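Per-chain residue numbering starts at 1, and chain names A, B, C, D and E are given in the order in which the chains are listed.
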């Protein structure tokens, strides 16, 4: 999984039927020190996340598991909120 | 999912049987500010998108979900149109 | 899917049983303007492609769909020939 | 699979139901010479690994196999500890 | 699939049960001209490959196909030996 911060939303009315009712969030991937890294993505969400929140997301087909038995064409889904990050001293 | 703009089409007559009847679109990935980013791809489409349109696409096996129960060998499919993008102020 | 040109072949006698009878082609990925881009790969083929031809290929598990019901361990398969490419003016 | 060293943990209370009870570890990918390479990731674990340990991890949907029959939305899981690494002389 | 040369081995006693009995090989990816390219990986093997040998490997979930019906958490498996490589003249 990857860390990220929600920075925006996408509005889309015409889309694959399995995506109806799904929110589309723009996420900036971040490092464990919370600095930005890499390109912004459009992710689905199964947690109720909103702009500004620190989350982690799962990519690939397994990102459609939270929506089973519906087969949602997602390749990236927010699966949890980050409460705290602990890094080893000296690492 | 990823943002992109349709910039062209591919004509292909000899192809895997599961691809017959599918349109092949050339897409330029874009950032949320709509500037180009990364390599152009050939994508399938389940939305009726055409050249010039701003879309988002899904990659990986899950990009074949819109065509179920047929098992289309797609690794990238346009799954929706972008109406609006909202970015958090200061992000 | 990705555009590429077939540039060579691999001869392999000892291999996974599901690959017996499959041709292995070396492919150079290309951009829509047909210039080379990225690393050469070894791909399977379900179209009868040969050296010099312009093709498109599919990556990931879905690249094994053309061989179903056999479960061929492919992560990249040529799925069609390119007849023509059309790019929008000014893009 | 990829080599890595566990460098931290993520605390998360609100998450997808299938992730409840799973530990989230921050891992620094390493080369066979154990130098750091690439971005840190958040991984699940099926081995009982802890901070400081040298492990290898599997990415993609197959990283959810250790949790079957539950369909855990994981795209990266620690699947074993490294006891020793042997490299060919001159390579 | 990708070309590579086996350059080492990993010894691991504590691991996911589905990996017991599997050999873990360190592989250096190579180009068709056999020069090294990209990061070394830890791969499973279904061919009996050993250090020094030129092989090709498959990545992703399909790399677990050679071990079916067991669901081995592999994201990269050596699936064949390279006997010869042929490249088009001028390419």
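Throughout what follows, a residue touches a chain if its C-beta (ideal position, glycine included) is under 8 Å from a C-beta of that chain, and two chains touch if they have at least 3 such contacts.
From a predicted model like this one, the values you see are computed outputs, not experimental measurements.
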(message) On a C-alpha centroid basis, what's the spacing between subunit C and subunit D, in Å?
(response) 31
(message) Can you compute the centre-to-centre distance for subunit A and subunit B, using the mean CA position of each chain? Integer Å is fine.
(response) 19
(request) Please set out, as single numbers or ranges, the residues of subunit A touching at least two other chains. (result) 60-61, 63
(request) Sort the chain contact graph into one of these: line, ring, star, complete or other. (result) ring
(request) Take subunit C as the starting point, go toward subunit E, and spell out the full loop of chains. (result) C, E, D, A, B
(request) Spell out the part of subunit D that touches subunit A in their complex, as residue ranges. (result) 5-16, 18-19, 24, 26, 28, 39-44, 51-52, 60-61, 63-64, 71-76
(request) Under the touch definition given earlier, write down the residues of subunit B that touch subunit A in their complex. (result) 1-3, 31-32, 37-38, 46-48, 56, 58-63, 65-66, 68, 77, 79-88, 91
